[in-house]
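Beneath this line is the structure, given in structure tokens, with notes to follow.
Just so it is clear, A, B and C label the chains in written order, and each chain counts residues from 1 on its own.
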Amino acid sequence: MSRPEIYSPEGLRIDGRRWNEVRHIKCAINTHPASSDGSSIIEQGNTKVMCNVVGPAEPTSSSGGGGAKSNTNSFANENKVTLSVKATVAPFSTIDRRKRSGNDSRIQEMCLTIQHIFEEAVMGHLQPRSQIVISLYILAQDGGMLQACINAASLALIDAGIPMYDYVCACTAGMHDTEVLLDLNRLEENDMPFLTMATLGATRKVSLMQLETRVGVDKLEPMMAAAMSGCHYLRQIMDAQVRKHGKNRLARVGA
Amino acid sequence: MARDLKPTLIENTFVLKALTENVRLDNRSFSQMRNLDISFSSTEYGAVDVHLGRTRVIVRISAEVTQPRSDRPYDGLFVISTEISPMAAPTFEAGRKSEEELVISRIIEKSIRQSQALDTESLCILAGEKCWLVRADVHFLDHDGGLLDAGCLAVSAALLHYRRPEISIVGSGDARQVVVHPPTEKVPVPLSVLHVPVCVTFSFFNMKLAQSSLTAATSTTAATTPAKENDEIDMDTDDTDETAVLVDASLQEELLRHGFMSVTSNINKEICQIYKAGQLAVEIETLLSCSEAATAVAEKVTKLIRRRLKEDEVARNVGNVLEEARAENDRLVADEGVIQDMNND
Amino acid sequence: MAQTSLKPTANVILPPTTPLASASFLFRADGSASWQVGNAHLIASVSGPMEVSKRDEQPTVATLEVTVRPDIGVSSTREQFLQEQIRKAITPVVVLDLHPRTLIQIVVQIVEAGENKTHNRIALSAAINATYLALLDAGIPLRSTISACTIIYVSSPDSNTSQIAIINPDKRQLEKNSDRIASVHTIAYELKGGQIERVLLSESSGQFTQDQLFECYDLAAKVCAESNGVLREVVTKSVGKHNAWRE
């Protein structure tokens, strides 16, 4: 068979998963303790994203607070923290090596999206007149870049000790004919309509929902439900990892 | 760049207070759009002028023959340009992309180009050699909120209205040449538009936040009574009503809102694009009902566009012998039949 | 300069319609106006006097920023040329030294160019008129009135008669005479109390004699005086609208 089967009649996907199984997740926090206040790496299947968080610190003129946004934002900074998000896509992250320019509007849009998500999730009123810089490095892409970025940023912010209301967890869900598939890889993403959703912890509150492909409105509900349960599952995994890291660290301090 | 207009605290409190009493300042209901007016140029094809309340957008469609991209020899090119000039509002700077502009251009791009509203394969003339480049130039003239919604439907309407010049291929082999016929020579042909995307933006207001800020505002002047505190507790337990959802926000509402979601859909009950990026987290049920409401709005708007197009067609054809005598007329009637069928569905 | 009303003669072709103008229709801009002549349709907006960026700040006068946006495609040298010409034509009339360290921002949007993409003269005269009306609508202090028009001279089909002047030609006239155009003149006059005062802009190209140019100036004076009437009408109407509450 020349073309791989997206979803076999036996209910198996291209990589052997069932419809409701997410890819293998490996995540770690405090991976770059020397270079940043908080850091994380997350691998969701073959998608790999690294995140560094610096802050809260005094706003620099080059990024965020001043410069591009000029004095319009300095007003808001009086009572809220300024978030700035930068993303770098590694040229080796996809099979065809491409040099990406820094002002790709798709990446800019993603940065803006992530900024808006965490502006709501971070208790920004506790750090007025300061800035948090979130730097994302997309090391490998195999579908679900946005979700991995959000999850990585969430973990890194927690590692930096920035007060947050809850984790922001993101997950994708697609629709293959009438079957919902959870957490798509790249091949599946190219083949079917899918949406990315991010929830505030294990609640029913949706912080982000993005859909970029045409799909019948009746198919939206099952996709949304699946994505939400995926988000809740991811929160468990991320929380377990954070707690494990905390225990290890405490043990070391105690010893 | 001129400094942005910041709503005052009084304005903020006033609008939110009104919303808690189910009132919008322009006396619309929460799910009501502003007055929508679509008009087409009487001289040019693919020139549309859209008024959405006080917001005004014009779109010009143009086409020229060019070379296709080497990796897609069978596809024509389609470009949407959405630069916002300071005419819309002095806060937009010529030549520099603001955040708002970035979001608007990306969503229009996703809504129309990425959803394949225009069949780019039909723009191919000679595979790998010649194809049409269709440009949609969106000019935002006045900004009173809803630039995105107005821009998206203006592009959709303009694509439907546009007629590209007829072409013929002369010669054979390597000597093949594309001849573009001016409208006086051959009747121009419509573009192949596969569906009509319509974008609707829902603005979210956190009523719990509104309530608490209101009580905070009143408590500075008068001591809070225990009864009021009880009310607040009631609000906390009442989860269903905590987000107010407004359709087609005005500029003031846009500046004050806590979050928004843009949904693009078409008359076939398909969602082309959903954009809800951060800000206020909203219950999943609310988002779902918004998406369904969007398709209803899309249906209404599409019908309006079709009606206006038909009126324009009639106005154009008065005494036009050339139009009546053309060979394409039969097909046009067939097209209209299809449109009618679609409307009846 | 003697002014008599414009009459079509054997050598002068008048535009089929008088210019169509309106003002004050945009809500965000401080002043706005549209000007329709021939097939050209332009919208101009004016905002200011307002905050100016440090880079453009001038200590004694207001900064005049003109942006011209094409109807189709991206801004090119054609728009750059228009920007510069408009700025030159209106600068002497605007009282810039009343608002030092401020910005007066003018945006001209071409809705329909009314001529081929390689030309810009029809758009230029329409843009000057629209810009002037928008400045007036925005309440920017002005010294006098401006009015502009474009006249083309085409060689007549029978070569023994002299050239024919077409005033503010539309697309059809331009296309019909495209290979017979001898010269193109865009002239902007300054008017005071409806009387022609000075030439603010004179942009001519093609082959013409000195006598012809002077003849053209006289003709343009008549056209400008007439379109000044249109302008006056629009302003009267919009001022009336703004002051309706007084009565």
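The rule is simple: a contact is a pair of C-beta atoms (placed from the backbone, for glycine too) under 8 Å apart; a residue touches a chain by one contact, two chains touch by 3 or more.
Bear in mind that the values here come from a model prediction, so they are computed numbers and not experimental data.
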Open item on the list: Here's a test of the contact network: exclude chain B and give the groups of chains still joined by touching.
Closed with: A | C
- [ ] Would you identify the chain whose Cα-based centre sits farthest away from the centre of chain A?
- [x] C
Task: Two chains sharing the most contacts, counting C-beta pairs only - done: A-B
- [ ] Name the most central chain, where centre means the mean of Cα atoms.
- [x] B
Open item on the list: Can you compute the centre-to-centre distance for chain A and chain B, using the mean CA position of each chain? Integer Å is fine.
Closed with: 28
Open item on the list: Roughly how far is chain A from chain C, centre to centre by C-alpha average, rounded to an integer in Å?
Closed with: 54
Open item on the list: How many angstrom lie between the centres of chain B and chain C, each centre taken as the mean Cα position?
Closed with: 33
TODO: Would you mind listing the residues of chain B that make contact with two or more other chains?
DONE: 1, 3
- [ ] In the complex, go through chain C and note every residue touching chain B.
- [x] 26-29, 39, 43, 45, 47, 50-51, 53, 67, 69-74, 105, 107, 109, 111-112
TODO: Sort out for me which residues of chain B touch chain A in the complex.
DONE: 1, 3-4, 6, 99, 102-103, 105-106, 110, 114-116, 259, 261, 265, 269-285, 287-288, 291-292, 295
Task: Residues of chain B defined as touching chain C within the complex - done: 1-3, 41, 43-44, 47, 54, 56, 58, 60, 62, 81, 83, 85-90, 94, 135, 137, 139, 141-144
Open item on the list: For the complex, give me every residue of chain A touching chain B.
Closed with: 70-72, 75, 105-106, 108-109, 112-120, 195, 199-200, 203-218, 220-221, 224-225, 228
